[in-house]
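Going by the order they are written in, the chains are A, B, C and D; count residues from 1 in each one.
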Amino acid sequence: MLNRRTLLGAASAMILAVTAGFAQADVIKIGVLAPVTGKAAADGQEMVNGAQLAVDELNAAGGVAGHTFELVVGDVGEASADAVATAAERLLGDRDMGAIMTGYASGSNFEIEMMAEQDMVYLVSANSAQTEGIISPSPDDFGTVWSMTPSYAGYNTEIVPVIEELAAAGKLSLPNKKVAIIASDNPYSKGIAEGMVDSFGKAGWEVTENDLLPFGEINDWRAFLAKIRQNPPAVLINTDYVSANAATFMTQFMEDPTNSLVFIQYAPSVPEFLELTKENSSGVVYNLLGGVLNTPTNPRAAEVLSKYKTVFGNEPGSYGPALYEQVMIYADALGKVGDPKKRAEIGTEIGKTNKQTAMGRIQFDPATHLSVQSNEGVPIQFYQIRDGERYLFYPDVYATGEFEQPAWMK
Amino acid sequence: MGRLLDISQVTAGYGSITVLRNISIGVDAGECIGLFGPNGHGKTTLLQTISGLLRPAGGRISFEGTDITGARPRDIVNAGLIQSPQGNTLFGDMHVLETLELASISRRARRGRDENLRRVFDLFPQLGERRSQKAKTLSGGERQMLSIGCALMCSPRLLMLDEPTLGLSPRLKKELAGAVGNIARSGVPLVIVEQDVEFLLSLTQRLYMIEHGEVIREIDRANAPDHDSIMKLYFGEAVH
Amino acid sequence: MRPAATSIILPLASLVLLLLVPLFATDSYTRHLFIIAFLYAVIASNWNLSLGHCGVFNFGHLTFFGVGVYTAAILSKTIGINPWIAIVAGGATAALAAFVIAAPVARLKGIYVVLVTFAFGQLVMQLVLSQAQITGGAEGMVRIPYLRLGDYSFIKDYKLGYYYAALFLLVASTLFLLAVVRSPFGKSLKAVRDAEDYAAARGISISRQRITVLVLSAIFTGIAGGFYAIYLRVASPDVFGFGTLSLALSMVLIGGTGTVYGPIVAALALTFATEALAGIRGLEEARFIVIALAMIVVLRIAPGGLLGIIEKLNIGERKTAEPADARN
Amino acid sequence: MIDTLIATLVSGLVLGSLYAMMASGLSVIWTTLGVFNFAHGALMMIGAFVAWTVSEAAGLGLLVGIASGTLAAALLGVLIERLLVRPYYGNRNMLLITVMTTLAAMIILEKGAQMIWGARLKQLPRLVDGEISIFGATISAHEAILVVLAPLILLSIWRFTVRTNVGRSLRAVGQNQRSAALIGIDVPVAFAIAFGLSAALAGLTGALLGSIRFITPSMGAEPLVKAMIVVIFGGLGSLGATAGAAYIIGIIEALLILWLGLYWTPFVLFLMMIVVLVFRPTGIFGSSQ
């Protein structure tokens, strides 16, 4: 025991000595923790691209407070715990690391604790329910960790009033007050489905189906759809966010559509969903929290999107612009603090952010470290896809088009 | 020169185990010879080496004057040097006729296919009766017939039979011996590996006695000792 | 008699070196890599006990690891048992799982062993996925309690405590393996591996041996799983995935498996080699290709290491030189 | 209720056709060489990607794409046989070594595909558009083609192995290599043909599936596992048993999804696989030795 204490002391002393010597580095590294390989590589590469875009732009403008930036990628692969931890350790172990960005690295966001332990600035986009779960018991321990996405609570509740409003305004005729919900077995999908069941129930709807699928590749939705066709609900909801699964769902639904409004969680916002479903997705509805708010009243979004497209040649989903903005938020905070080594201070500064971004106006809730959801802040956005175009129809202030009853509904 | 099959100083084995040691054997045109000796002393290994299933570690094998040492089995079959292997199960799930037809796959054999087929069915009428039966449903004797039939379908210029009577009843043995005799009389030179000395003596002109991978004695018709003394020599008193 | 240098001095010297590593590697990243490498070394060397020393081609070895992971996670987080005990309990449940799968494995041969153990792994994974209220389903469990020793907490010490704990685990596992291999039982394993018929004739029960060896190989693998869960504070179903399996398998194969130490050395080498490649942008996928190629090359040209065991797998067929008639 | 049942059976038929094509390829290699090819799913994926590249990226049309995908997979299959399987002929542990080498091949193909084609999902257009209604159950016309095509392909492979000398020699080599060599069959060539044929089947399956599912580097994993279940269920042996088992598994899977839900279906399938392996390792159609 004595031995270990001595060793520990010696080691800590060495670390202090070493870190002190490097305090004046003028190139700050920005880590991106992302699934660059494996199944989620499309998302991961978009994250890297978004961050790279911001870094290049900052460097071209001469850097921030005398510092320029360099991007370092930590690949989490298939997001196994040791892959995420190893990549995170590698980034954390780099003495020039100023901040780490991610869209999502693990499904559980467990790496947040690793970041907080070392006072590393960590900005994350997705899985806000997990982030909230980790941070809200003791927000002060996570001074450097902030989430760009607001609480997912809006996903659970907002859909009911939006649909009822559409019906009341005569834009949507609902044959009955039944809803069928299918979810995939992961906290995101399942949590939202449970929330929706609750919200619809409270509003007096009958939930006719509430199925759960294993998380993973689903190639055949026909068994579920067969049940739907037996007893068609007015609203059909799928909260599986995997775009390939959702695209298959949509295609198989359209083989023999029922008189139901189809709502799919998140997946339709991914660019390839459109490519994959083509005309089959015309009419589908989805919503986004913390997604790109591409509307005339928020010109920032169009600007970021067009920059991204110019450099990388394709349309990004949410993660490219999100990582771009994350780097920019860090850069702003760094500009105020000046010294990249004062990460705790930078974290505090990030917490005070009040900035118009591609996602809306970002402000953070000190209790949860999530961005604040509101029409003036980061709004929940409802979209409808029609003929390959996305129409933002709710909230009205940002609307880029009207909702129209899907062609398959009588 | 001039020997049909000439094996000189061949050494072969499996991995690090040497089975054949500098063995030399020859077969002349029109001749039937027998290989004889205790089990596990290299007779089957020798046939496998000749057929190209095993690559010899040393020595030379030539057939009709052509060097075939280390040639591929398929080329050796094409040359007409055919083996009917021991303890045959052939292709269990293939029909008799299918098997025989397949056996004439080599370029040379394809030409004589119909004639060979007739010859096989003449020789083994039972096979003709069972032509659409799967090989695995045949009796031991019939399998042996099919195996020899396959070899004949290859249009052999030299036929090597590895223990054709193994495990057969005396009656079947006799029947098969008759058939093999017919093949020999039709002019196909034979190399026969057998435990049954009487069977061998009745068919062959010469015998090689093989022990520990070497030829320890060559016996001509002329200097043949009688049956009992051969048995004594190799199997001790206890046989019979 | 082997020279003392290879059997005692070299391992001891390596151990001393590893004990000193934290003095030089003061950053938590390097130490983390060592910890992960130690865990893989435990997995690979124990796998080698069934694969190399007994010739049982167990494709579900990582299942034992996963069982350990979830045991420790559930016991320490859900039930609140001391993490140290939870880690050791991982070994017990893994051994139990090994016992369950051993029954069919003992009866089967060749490819059927591969398939049944693979299926078993998939079955356990499906079970873990489907019991989401206990296991956390697809996303797994997080915030698992961490280790403490008295009032010494294992976090925020730049992983010093975990380093030595993992090293201790590796040393214990290695001593255990050495003891097994050198015991009369270990020698009878060799007899079975090298001549199944002969061993059976001498009254060695082959199926009992296979069961025993699978259970023994699971113990430290399960403990390593428990340690993994407590160390990373996560349990997620990807431990059952193909990625972990093929990485561990490549360690066993590339290490060469005549000895207990081969897979251990390979685990250390491969962990650092792949991590070095992981740092190069744009080559993230390539590192897996490099490992796969290394596996193929070793299988092809390094018979000393790998073909040694392969030769000894599945013994008992005498007609060795015949072209592959390996089915049964 | 009847409608649902019919829809389920049709869905099982689609699955069964897919499994039959995958599993018969696996089975051809198994019966001929005694090799269990873990790269089979990856070859299917390559077929789909090449079909996509030729058809979509190069714009040469879907049929040319499918043909190229099939051919590319076949060539890769022959290459795998040459480099990763042939060196171990005659080794008594060939089966287990090739499990490892083909596993390595799978990793290389999957990761290589990701490097070449990137991470974004891809899809091929369908051979024909529109839907077809069978007894009130609707499937896409493309899937209907798959359902019709699969038995035809299997039948022609079966005829090939029964009627032609090349096909027969594949069977002969599978049943008894030594005897096959002794009647003049070129065993290595037969092996290469078997591998090429099997890989071509995988490639064709991939190219056809690429219009229904999405083309990703890991798209072959699930069909490979299902094909494994099928060959175990049918017994590692004859083509007919494999095809029969494929349809049975397809329908069982569809029924399980209907009755138990997607959630428990994989669990039950794997349990079935273990039970069959333990109690009848030769498969339900195989003769117990």
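We take it that a contact is a pair of C-beta atoms (placed from the backbone, for glycine too) under 8 Å apart; a residue touches a chain by one contact, two chains touch by 3 or more.
All of these numbers come straight from a predicted model, not from anything done at the bench.
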| item | value |
| --- | --- |
| Those chains which touch subunit C and also touch subunit A | D |
| Most centrally placed chain - per-chain CA mean versus overall CA mean | D |
| C-D against A-D, pair bridged by the larger set of C-beta contacts | C-D |
| Centre distance in Å when subunit C and subunit D are each reduced to the mean of their C-alpha atoms | 31 |
| Gap in Å, rounded to a whole number, between the CA centres of subunit D and subunit A | 38 |
| Separation of mean Cα positions, subunit C and subunit B [Å, integer] | 52 |
| Inter-centroid spacing, subunit D versus subunit B (mean Cα positions, whole Å) | 41 |
| Junction residues of subunit B, two or more chains touched | 53 |
| For subunit D, residues that touch 2 or more chains besides their own | 111, 114, 178, 181, 187, 263, 266 |
| In subunit A, residues with contacts to at least two other chains | 37, 185, 214 |
| Residues of subunit A defined as touching subunit C within the complex | 4, 7-8, 10-12, 14-15, 18, 36-37, 73, 75, 77-82, 84-87, 89-90, 92-94, 106-110, 113, 117, 130, 134, 185-187, 190, 214-216 |
| List of subunit D residues in touch with subunit A within their complex | 3-4, 7-8, 11, 15, 111, 114, 118-121, 123, 131, 138-140, 212-214, 216, 218, 222, 254, 257-258, 261-263, 266 |
| Touching residues (chain side subunit C, partner subunit D) in the complex | 57, 103-104, 107-108, 110-112, 114-116, 118-120, 122-123, 126-127, 130, 242, 246, 249-250, 253, 285-286, 288-289, 291-293, 295-296, 299-300, 310-311, 313-314, 317, 320-327 |
| For the subunit D and subunit B complex, residues of the former touching the latter | 162, 165, 168-169, 171-172, 175-176, 178-187, 238 |
| Complex interface listing, subunit D residues touching subunit C | 33-34, 36, 83-84, 87-97, 99-101, 103-105, 107-108, 111-112, 114-115, 177-178, 181, 187, 221, 225, 228, 232, 236, 263-264, 266-267, 270-271, 273-274, 277-278, 281 |
